[in-house]
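One chain, subunit A, appears in both complexes that follow, with subunit B as partner in the first and subunit C in the second.
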Partner chain A sequence: MEAKEETKKEQEEVKGADLDYGDEPEGENPLIKKMIKIILKEREIPEILPYEEETVSELDTIVKEQEEAVSEQETRTANENFFVMIYKTEIERLKFLLKTYLRTRLFKIQKYYLYIIKHEKADLLSKAEYNFVANYFLYKRNHFKECFTKDLYDSLNDFVEIKEEDAVPHKNAPVSEDLVVQPSLKRPVFIKMNCDMPRVNDFVMETKENLKMGEIMLVPYDNCKDLIEANVAEIV
Partner chain B sequence: MEGIKGLSMSEGEFICQNVLIGVVPKFSYEKVILIQGIFGPFKPQKPLDIPLWLALELKRKKMCDIQSPSWMEEEILKNMIELEKQTAETSNKLENKLPGYYFFEIAILLLHHAADDIENPVVLRTLIEDIFEIRKTKLLKEMKASSLSKERVK
Partner chain C sequence: MEALSILHSSKVLPEYPTYEIRQATKDINDLHDSMERKLKEIPDDDATAKPEISASALIDHYKLERSKRVLYAYHDERCNRLERYFWRHGNELSESFQTNASKQETDYFKNYINLIEEYSQNAVECNLDITTTMEPPRELLAKLRVIEDIGEVYLPDVGSVNLEKNSVHYLKKADVEQFIKAGKLIEMGS
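Let's look at the complex of A and B:
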C-alpha cells in the first residue's frame, strides 16, 4: 500500500515538473498536441505508418473555418488589427504542422516506393499518396529506361517495359527484390514509457531494473514496435 | 527539407512554442478564440497563461511582460548542475529530472527575446549552457560505452 502511494506521489510530481506532458489547461484543444505526436512518430519510426486521416482532416477543416472567419472579420482599432494578425499567424503555424506531416510521409514514400509496392503497404497510404506511388513508379522506371537501361543487355536489365495496366502497386509488380530499399527496423528510437513494466529479457541492452512510467530510453525500433502499437510506450 | 530522422533544432524550437507560459499584459482586450484554445480576457497587470509564440509576439510589441518559469532561477539551476555532476549517467530518476522536454529551447528563446523580464540573464545563460555541456558529455560517454560493450558481445 505504501509503495503504491509512493509511486502515485512520484507520478504526480513527474506530471507537475513536466512542461509538455502535464494536464492541459481548461479549454485547450488537444488536437494540436495529438498532431505533434503524430509528426514525431512519423519522423522517428523508420517504416511508413498508417495515414492519420481523421486527425489531419479534422485539423484541416478547423484551419479552413478559422481562415474564413478571420477574412470576414472587420477591424477598427489597433488591437483588433493586431489580433487578426495573431489569428493569421496561428493559421500559418498549423498549416506548417500539416505540411510537415505530409512532407515527412512523402519523403518516406519516395525512398521506399518499391518496398510499398512489393510488400502491399498501399493500405497505409491516403488516396492521394497511393496515386502518387503509382505515378512515381512509372515515371522513375521510364526515366531510367530512357537514360541508360535501354542500352543494357537484357540479362543485366532488371527493368522491364511497364504497361499501363501494370502501373498499380501490387506484390507481383515486375521489380527485382534486389532493387527494393527496405526501411531499417533496427534503427534506434527514443521512447517514453506510459506505464510501469517489468523488465523484459533482450528488450533493452544492459537493463537491470524494471521499466518505470516516464522513463525515456533509446531502443532499436523492432524491439519496441509492439509496445508503441499497444500505447505502452510512445515516441519522443 | 529537414531530414526524416527526428526534429531539427529549428523544428524543436517551433514546437516548443505551443507550451503555455505566464504573462502580465499591459493592455485590455476581450477573450481571444484561437484554435489552440481560448485565452484571456487580457487585463492590465492581471497574469494569465498563453502559448509561448503568442507571448513572444506580444513581447515584441511591448504589450506584455513575460513571467520566467519557476525553474529558471539561479539557485535551482545551480542545484541541477550539482546533481548532474554527482550522477555518472543521464538518469531519469526524479531528483535528476529536467523541467520539461523542451527545457533548452524555451530557455534560449526567453533569454533571447525577454531577457529584461528575467533576473540575472547572463548568469542564467551560463548555467544553462553548463547543464547542456555536462549532459552532452555524459550522453557521448554512455553511447561510446554501449557501442564498445556491443563489440565485446560480438
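Let's look at the complex of A and C:
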C-alpha cells in the first residue's frame, strides 16, 4: 500500500503540469478526443476550415508545461526514470497530434494558395499560416518568373509584377483566375447524424426516408456542409 | 507538350527541358504577334467585318492561353515533386534529383525548406518540428543502426552521440528523423 502511494507521489511530481490522464486511456481525454475530431474534419473536408486557435493553444500549453516539468527533474531514481519515459512518450504523442493538424492544413494551404489569396480566405489562417502563404506565393511567382514568364511579353504574364509593399496576399493580387485551383466541394465525405432529422430537399438525393441519429452516409460535401456547421452531422 | 507527357509518365523528376521551354515561350510570343497583326486587319474592332480573320485571331489566342497553362502546370508539378521529396526524404536532394533539377528549382527547394522551418518555429509555442514524426509514435526510443558514417551529432535528450557506421543506438526517433529519411540510419526490426 505504502509503495503504491509512493509511486503515485512520484508520478505526480514528475507530471508537474495539469494534464490529467486519470485512469482513462488516451483516446478518452476530452481534449485529445476533440483534437482528433478536428484533424479528421480538416483532413476530410475539401475546403480550408478556420484555424482552431483555442484547442491548438490549449494543447500547445500542455505540451510546453509537460516538457518543462520533465526537464526540471535532473536527478532521478530508476522508478522516476520509468515515469519520465512514459511522460516523454505521451508528450511525443500529443506533439504528433499537433504536427498532424498543422501539416494537414499546410498541405491544403499549399494546394489552394491562390484560391486563399484571390477569395479572401486569409482570415481562416493563423498568423504563421498567413506568413507562410504570403511567402509561398512570392516564391512560386519568382520561380515561374525565373523559369519562363520573364521571357514572355509583359501582357502575357499572369503573375504581374507587384510593388514590394503590396507583396502580401489580398483579393486584388494580380493573378489570373485561370491559374486558381479551387477546392472540389462536390467531393463525397462520410458523415454521421448526431440527431434525427426529417428528409430535407436537396440533401441526400436518393434517400426518401427520415435521417436517423447515428446513421452513416456518403454524401457530396456541399450537400451536407450546413449540417456539419450546425453540428447536426459530423465527419467520420 | 512532350515534356509534360514525359513528366506525367515519370515517377521521379525528369531532366529540365531548357531548350523546349525556351522554344515554347518563343512560340507563345509569336502567337501573340500573329494575333495582334490579325486584329489590326479588322476595321474598327468589328469582328463581323472579317469573320475569317477574327476566328483565326481567336484561335491564336486560345492556343497561346493553352500553351501558357501547360507551362504553368509543368513547372507547378515539378515544384510539387520537389516539395513531396522534401517531406519523404528530407532536405538533401538525391543524385538524380540534383542532376535533373534546374538551378532555379534547386533554389526553390532551398527556399521551400526555409519556409517550412520558419513556419515550424512560429506555428506554436512549444518546441515542434513538423517535418518529423510522420507516423504515430509507438515507442519513445527506437533501436537504430548507422548505415553511413554521420559523425558526432548533438541530440537534445542525450547530448553528443557518435553515429559511426554499423554502430547501434537507442535514440529518440524524432531527433534523428532527418538521417532516417536520408537512409543513413535504419530502424532495426522494422
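Everything below uses one rule, namely that the second predicted complex is superposed on the first by the 194 of 236 C-alpha atoms of A that agree within 3 Å, B and C clash if a C-alpha of one lies under 4 Å from a C-alpha of the other, contacts with A are read in each partner's own complex, and residues count from 1 in each chain.
The rule we apply is simple: a contact is a pair of C-beta atoms (placed from the backbone, for glycine too) under 8 Å apart; a residue touches a chain by one contact, two chains touch by 3 or more.
Predicted model, so just to flag it, every value in this text is computed and none were measured.
Touch criterion not met for A:Val180: it reaches neither subunit B nor subunit C. Within the superposed three-chain model, A:Met197 lies out of touch with both subunit B and subunit C [touch as defined at top].
Within the superposed three-chain model, A:Lys88 lies in touch with subunit C and out of touch with subunit B [touch as defined at top]. When the two complexes are overlaid on their common chain A, residue A:Tyr153 makes contact with subunit C while staying clear of subunit B.
In the superposition on chain A, A:Met213 makes contact with neither subunit B nor subunit C.
By the touch criterion defined above, A:Arg103 reaches both subunit B and subunit C. In the superposition on chain A, contact of A:Leu49 is made with neither subunit B nor subunit C.
Of the two partner chains, both subunit B and subunit C are touched by A:Val63. Of the two partner chains, subunit C is the only one that A:Phe132 touches; subunit B does not reach it. Overlap of the subunit B and subunit C interfaces on subunit A: residues 63, 89, 93, 96, 103.
By the touch criterion given at the top, residues 10, 13-14, 17-21, 25, 27-29, 31-33, 36, 40, 43-44, 62-63, 66, 79, 82-83, 86-87, 89-91, 93-94, 96, 100, 103-104, 107-108, 111, 187, 205-206, 212, 214-216, 236 of subunit A touch subunit B in their complex.
Note for the complex: subunit B touches subunit A at residues 1, 4-7, 11, 14-16, 18-20, 27, 29, 32, 34-38, 49, 53-54, 57, 61, 63, 69, 92, 94, 97, 99-103, 106, 146, 149-150.
Within the complex, the subunit A residues that touch subunit C are 56-57, 60-61, 63-64, 67, 85, 88-89, 92-93, 95-96, 98-99, 102-103, 106, 110, 126-129, 131-132, 135-136, 139-140, 143-144, 146-148, 151-153, 155-156, 158, 178-179.
Residues of subunit C touching subunit A in their complex: 21-22, 24-26, 28-29, 32, 64-65, 68-69, 71-72, 75-76, 79, 83, 102, 104-105, 107-108, 111-112, 115-116, 118-119, 122-130, 132-133, 136-137, 139-140, 172, 174.
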